[in-house]
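Every chain is named by a letter (A, B, C, D, E and F) in the order it is written, and numbering of its residues begins at 1.
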Amino acid sequence: MFHHVKELQFNARVSKPDPRFARLLLEQFGGPNGELKAAMQYFVQAFGCRKPHPDKYDMLMDIATEEFSHLEIVGATIQMLLTGVNGELKNAADESDLNKMLDGTTAKESYIHDALIDPHFFLVSGGTPTLTDSDGNPWSSTYIMGMGDITVDMRCNIAAEATAKLVYENLMKFTDDVYVKETLRFLMTREVAHLQMFQAALDSVQPNFPPGILQSDPKFSNKYFNMSDGNNFSGPWNEGKSPEMKEEWQVIENPIEHIKETDGLLNEKAKGTDRTDKTVQEVNKALSAERKNEVDKATSPSADGIMSWSDSNSGEKEKKEKKLQ
Amino acid sequence: MFHHVKELQFNARVSKPDPRFARLLLEQFGGPNGELKAAMQYFVQAFGCRKPHPDKYDMLMDIATEEFSHLEIVGATIQMLLTGVNGELKNAADESDLNKMLDGTTAKESYIHDALIDPHFFLVSGGTPTLTDSDGNPWSSTYIMGMGDITVDMRCNIAAEATAKLVYENLMKFTDDVYVKETLRFLMTREVAHLQMFQAALDSVQPNFPPGILQSDPKFSNKYFNMSDGNNFSGPWNEGKSPEMKEEWQVIENPIEHIKETDGLLNEKAKGTDRTDKTVQEVNKALSAERKNEVDKATSPSADGIMSWSDSNSGEKEKKEKKLQ
Amino acid sequence: MFHHVKELQFNARVSKPDPRFARLLLEQFGGPNGELKAAMQYFVQAFGCRKPHPDKYDMLMDIATEEFSHLEIVGATIQMLLTGVNGELKNAADESDLNKMLDGTTAKESYIHDALIDPHFFLVSGGTPTLTDSDGNPWSSTYIMGMGDITVDMRCNIAAEATAKLVYENLMKFTDDVYVKETLRFLMTREVAHLQMFQAALDSVQPNFPPGILQSDPKFSNKYFNMSDGNNFSGPWNEGKSPEMKEEWQVIENPIEHIKETDGLLNEKAKGTDRTDKTVQEVNKALSAERKNEVDKATSPSADGIMSWSDSNSGEKEKKEKKLQ
Amino acid sequence: MFHHVKELQFNARVSKPDPRFARLLLEQFGGPNGELKAAMQYFVQAFGCRKPHPDKYDMLMDIATEEFSHLEIVGATIQMLLTGVNGELKNAADESDLNKMLDGTTAKESYIHDALIDPHFFLVSGGTPTLTDSDGNPWSSTYIMGMGDITVDMRCNIAAEATAKLVYENLMKFTDDVYVKETLRFLMTREVAHLQMFQAALDSVQPNFPPGILQSDPKFSNKYFNMSDGNNFSGPWNEGKSPEMKEEWQVIENPIEHIKETDGLLNEKAKGTDRTDKTVQEVNKALSAERKNEVDKATSPSADGIMSWSDSNSGEKEKKEKKLQ
Amino acid sequence: MFHHVKELQFNARVSKPDPRFARLLLEQFGGPNGELKAAMQYFVQAFGCRKPHPDKYDMLMDIATEEFSHLEIVGATIQMLLTGVNGELKNAADESDLNKMLDGTTAKESYIHDALIDPHFFLVSGGTPTLTDSDGNPWSSTYIMGMGDITVDMRCNIAAEATAKLVYENLMKFTDDVYVKETLRFLMTREVAHLQMFQAALDSVQPNFPPGILQSDPKFSNKYFNMSDGNNFSGPWNEGKSPEMKEEWQVIENPIEHIKETDGLLNEKAKGTDRTDKTVQEVNKALSAERKNEVDKATSPSADGIMSWSDSNSGEKEKKEKKLQ
Amino acid sequence: MFHHVKELQFNARVSKPDPRFARLLLEQFGGPNGELKAAMQYFVQAFGCRKPHPDKYDMLMDIATEEFSHLEIVGATIQMLLTGVNGELKNAADESDLNKMLDGTTAKESYIHDALIDPHFFLVSGGTPTLTDSDGNPWSSTYIMGMGDITVDMRCNIAAEATAKLVYENLMKFTDDVYVKETLRFLMTREVAHLQMFQAALDSVQPNFPPGILQSDPKFSNKYFNMSDGNNFSGPWNEGKSPEMKEEWQVIENPIEHIKETDGLLNEKAKGTDRTDKTVQEVNKALSAERKNEVDKATSPSADGIMSWSDSNSGEKEKKEKKLQ
């Protein structure tokens, strides 16, 4: 269950109205890398962890709830930046007051221009934040990533935090308001903190590479296809050893020829690796059994076959077990 | 700031896995009338009320937070209905166990069929709820309604609660699980409760008709155009008096002819009403002034010109003032 | 079947081109609260009423057809506001005339700026209205609400009319063209008229609360959960009696504690209401039977089992029956 | 202005309910090639033609209005195919009647399965058509094509009619209902009729190639780049003369080499054509002047500078002028 | 398999940065008529042709690959137009350099304004093209047309090339950069070339009218319904003979009356045509057999029942057969 | 420029038609984690790297081009799985052959059922792949991640490869076709290879944490807010040192109280870290200068001020410089 207190997690402040920056700031309210995306991504991922990984569930819900709280901070800041818009719209019958608002200097032309920059604020939301990005695109759950697998989901979350961090960094270029910058800096920093939490969680699962369970095919896991001809550079991504599996990179310099020679890779051979199909199958089986068992045991219903979500005691017990690992 | 406790607001239970009903239940998780829509609609509307209408802000945040908590209940129920899916997917290397799962009777064909019915559960989410409706459409913030005006927003919320209520009513036809029905009934009932809260809030604002501020033009507010020829019925919507403004309905039996006669209504006359352009303008001005004043006064920055969101004392003060009105 | 006459329902006029206001006006052409949304919402709802509620079908088709006619008025106004854009684009080979257009004063810089404000008009539509909102988002049928139930659909329609009314009210702030304002005022007034028609139709169905058929659970229908802590206001939404069901509001001051005490509300008791589970079930059964019967009787096929849509005589007969009720 | 009569343009009939075919038929109700797409495409295009091309406006509005009428036919057919769904949903309290409906043989399992196939019908629309395609995707105005230029728009409309025709052809494979087939055949035939109308309209504009105004660059208009190596076929698209401009096709057998030799085509030469840059510029200027003049003359405001849409006499006059050309 | 060379097909150049035109040019990068749409439309259509129509497959893949190469040209041009944006964003800590960039004259206000015009460039993409149209809408595969039938798909492709051509024509109005215009002219010309290729391919299939297989119903194929009353024009679309089928157009002057008289067209008679239901059925059968046979023969698996895509010899053989036809 | 050869990169094979698995496999053709998403994500990111990071540009274009080639493999497999669908649709006039197709045993009922499972294949695409996910949602460029910064983009790409890998892993559960599995295994393995390439590229940029340039605020970078009450677990994400910055995690056990005490964190103090505001500002400045300089130098136009994309010699030169670093 969620609960709400009226205070913001960070006491956001604003020096004066600025509908233009409000528009830009929408990127983190309803944009693809914004706070709602983060909150919903972790919230949705958490369901799958509830039983098999209560510690990860706890972490995901902690961070999801914090992201909801950040969404509130961003919305509150936008609302304050839009001060004056709603009151002016309420002045539906009389336009004579129009010149007095927005820092005292804004004429009607400027008011209309602001409306053209973000018509939603002036025509639809009445000066309230809208769940869109900074270009007016509605928020969509297609922004959410997650596969129901910790070794994948944590990598998705690291990416989410990295993008969100950079949006805040970019936003700071477009405001001179020291109070707004103060808030942006807090929010930016929290993305850095969360990124590290997800990294730590990923590291705590072993093995975590490759993501998921099935091992890669040794014939193809260390081949680099030179598909883009011209200036061909080398670097650690195609020379030396691969970073995770430590196989020797093999560059296919001329892929078209190679494909024809190998009957479309059907006759490809493994090279620069010790892994074989046999060792791969063994790992696949062992890891399948272990991970399936973990999930099945944790999610099996109680004796009467009935499942319930709020299960008061099991948490503590699992906590102890977890910490032993 | 939001806070979360691990217990659900309603202790949702499930008798046995049922991926098919899980698919249908998505309608209220990520569908256009579902819990996330409700939560976000009220949450977003709340920002605009924070200063000028702290009592409505309080109500909107109470209900928004409850809807988030309902979203969690729906997600938890779907997760329990999907028990077995994730474990089976973890069994990536070995398919021999496939026949034993899901109530002990389901063969591979049935498993594949379930995957075809909702491929997202089996291919993407790993048996975790997805933020889509029951037909797989991603949640979109276009579902959210709100205009930054209480007399409009409360009507939008009444509509939202009415649709959500009916979706729960319909959902009950498709499950026999008494525990699931118990949860659905709780959720359905809360929509009825919320609907009444929004109705009460709407009634507490006077005048609340027409929504917004500007009065309607007396020439056109009580005309009924018979645009669809054939069997023409009459009812309280085109005979007698209009329900809110108590003007006498005037039926234009033959709109095409009427348009030609009145030069496209430019020469239309008011009939069946006492209102005139003059009385309309007077109301417009008075109400504009009142509503604008209310907003401007409440949202004006403090003496130093700085605005902050968390304002510890003002709430109590406003509360008293509000209750006097 | 639809028919079209070349005259507009309201003879829209424009003083001079204004591509910027044309952009804003798109909100009511292809926006979520605009004329197409209204037209399609009522049109789609009408199908379900055709047989069981021919009087509501008649009303919905009358209003839907009027909304299509309003869509045409809005489009015509936008087209006139864009005068000059298409001709200039046709001047594909020669740019020397560019400075002469648009009120005689517009230089190329201004022309380019207009294109940046609404690139669709200049790059894609050739100066013709586009089916987007004022921020360029494509119209989507997710804007449409309706559940195939009159007690829900009329509430959705009231919300739709309320939002559309306010968009017109807001739009008037952004144009000084008296002819355009005249048209906007007509359109705004019709929303007020339609709102009352839907209210009258809703009132004519009894009982219409709760929407749909199933009664709410007496244990939960009058509880108010104080989910947002801080300044807690009271008002008719949480003190006194609920407006529709007249049950006494019960405030749960500390929901977290309450949830824990009642085992997630499984042990909740009804309070402040006379309704019981038994009376609820009785109403549920009686109303189910009545409403199902009404639909089944009206939609049952003729003796030969064949259904056809255009059924010349039945309408008149039903009309008489309806009026008796 | 639109008008509606209760009779359908084609008296659609249905032998018995079939929710599954109803699902498929949605493709033409709210799908990308369906009736709403066609109606809105021609309706929107019509605005731009109103003044400069009143004859094309007349044709576009005739066909747009017919497509709205077809939308109604499709919706009516879906509604009849869904007979029983709404009545059953109204039976909210009692499930005992469930086995008796839908052709007398359908058990609850089948009812649930139908709901899984199209959950929108059963959970949301209450057995009324929904504005989606056959896979549940909401209708979007991105389906609409049109550029405000007759030589382009007519080609878009030909494509639209061709796709719609084929969808009806495909749909006929999935129903045995002779009445439904009769309706589908009528609708399919009308697409063929409309396609020819648009072809005739395109032919009536000269020159109509290339679409728009600017002539193509003689250096590039007849080059064929062999970008996909392997089995290289020849046909009238890369040997002989191009169909519209009658230039000799020039095949670039090895594009990579050719690009390098010509410094990225900067040094490309015209071949197999008589056109030169000079003749191109002459045509560009002449056609620009002609088309711009046509639009500007037709759309110039009346003496008082005011524009109005409904202009009673001009149509007849323009008609005579048009027919002389 | 695709391959890439670093050189562009056309060596695009830019005189100086222009973020505003970059925004407009996005229309052809990620817009509904842009290069990605064209590339993906032809690429997807190609799959269905691979076996039955290897010559059309070859043409579609040639053009699809060229369109990908054009997408790269457009992206490269946008990237050059955005020069300076990324570097400035990297200057995250220091704002003092801001006034020096972008042609030496742009002050911070202008920088912010550019960000408001296209916030994605400045907040999200870091000065890299985004896959949206010029108004920020994300690219969607709903832009793609195609029905798996050559007689339809070629018509869709003609429409696609026509719209793309006109967008380039329009874009040229909004830049003075001679190098950018040079590139736009190349791209525009290629659309004209492709249009003719698709026309030639359509002409090479006989019969290609009506699109698909089934013949139209003689009762309805030459009727023109006068659905839009007022100024009724005539032209080759409703007088004389239809352009493809050469049937005499029959105008229904008063559709409402006509519908009532013919019982919703159920009693309609064929007029102005020699075709009968019998001749229609004969053509339907013969063409069905021929087209089905063509597809089935080409796609039947080899002797061992296994299908593979890369089939080295068959191409050449088919090429010879094809050319004989 | 792109080039295409008719052979697939991997010679995909299929044992027999299977429209149901074809539906599931769409997830990787047009789904959010599929091959088009990957191809377009790397392709779009590449533009920003072209000048400042030619080695990363080379890698991104290599992998993007390989992903396009994988898209082709997936599409080819789907096409083969759909063998029979197109031919049967061509049989538009005669339904008698229907029972003979699809492995010889499928009756019409099954054919219709397949159409209900994926109506797009049967009604719209004519048995050709569609650019949707496995649930019919159209591909959207909102799937693409990227910020124009290598330290962010590589993390996004790692996430993309991880999700794609798992989708292939999951897909293998739903087919028994050994040839299809062989192809899926190849594709899955390539995701693992690419993931490592992106990891290597990320590691080659130093510093790469935090992503972007600005350092985090020491007051907030190591705080863990316990926002979700109940069972509180600890792990490396909230005890010990943070993985990247090696600061000591500080748990805020009771965030609500803490917020109130610190005036909404305005009075928060740094703890468990050596970093100070001063050191942070120094790093910010130094890194800003370095990264800005790198970009500006690389993207500055040549002496004549003109920029061109294809720049034949510089690549080789840069390559040498790069390798020295």
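Criterion: a contact is a pair of C-beta atoms (placed from the backbone, for glycine too) under 8 Å apart; a residue touches a chain by one contact, two chains touch by 3 or more.
Please read these numbers as outputs of a predicted model, since none were measured by experiment.
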### Task
Kindly list the shared contact partners of subunit A and subunit D, in label order.
B, C, E, F
### Task
If every step must land on a chain the current one touches, say how few steps get you from subunit B to subunit E.
2
### Query
Can you name the chain that lies farthest from subunit A, using the mean of each chain's Cα atoms as its centre?
D
### Task
Answer with same or different: of all residue numbers used at the interface between subunit B and subunit F, are over half used by both copies?
different
### Query
If every chain is reduced to the average of its C-alpha atoms, which one ends up farthest from subunit B?
E
### Message
Please tell me the distance, in whole Å, between the geometric centres of subunit A and subunit E computed from their C-alpha atoms.
### Response
34
### Task
Would you kindly tell me how far, in whole Å, the mean C-alpha position of subunit C lies from that of subunit B?
13
### Query
How many angstrom lie between the CA centroids of subunit C and subunit D, rounded to a whole number?
27
### Task
Hunt down the residues of subunit B that sit against at least two other chains at once, touch-wise.
1-9, 11-12, 32-33, 61-62, 64-65, 69, 88-89, 92, 124, 126, 132, 135-138, 140, 142, 147, 149, 166-167, 169, 172, 212-214, 227-228, 230-231, 255-256, 259, 264, 310, 315
### Task
Could you classify the connectivity of these chains, where an edge means two chains touch, as line, ring, star, complete or other?
other
### Task
Let me know each pair of chains that touch one another.
A-B, A-C, A-E, A-F, B-C, B-D, B-F, C-D, C-E, D-E, D-F, E-F
### Message
Quick check: in the complex, which residue numbers of subunit C touch subunit A?
### Response
20, 23-24, 27, 31-33, 117, 133-137, 166-167, 169-174, 227-231, 255-256, 259, 264
### Task
Would you tell me which residues of subunit E are touching subunit F in their complex?
1-9, 11-16, 30, 36, 40, 43-45, 47-48, 50, 52, 61-62, 64-65, 68-69, 72-73, 75-80, 83-84, 86-94, 97, 124-132, 138-142, 144, 146-149, 179, 212-214, 281, 284-285, 287-289, 291-292, 294-296, 299, 301, 305-310, 312, 315
### List of subunit D residues in touch with subunit E within their complex
5, 7-12, 32-33, 54-55, 58-59, 61-66, 69, 137, 140, 142-143, 145, 147, 149, 151-152, 155-156, 158-160, 162-163, 165-167, 169, 172, 185-186, 188-190, 192-193, 195-201, 203-204, 210-214, 216-217, 219-228, 230-238, 242-245, 255-256, 259-260, 263-266, 315-316, 318-319, 322-323
### Query
Of all residues in subunit D, which touch subunit B in the complex?
1-7, 88-89, 92, 95, 112, 115-116, 118-120, 122-124, 126, 132, 135-138, 310
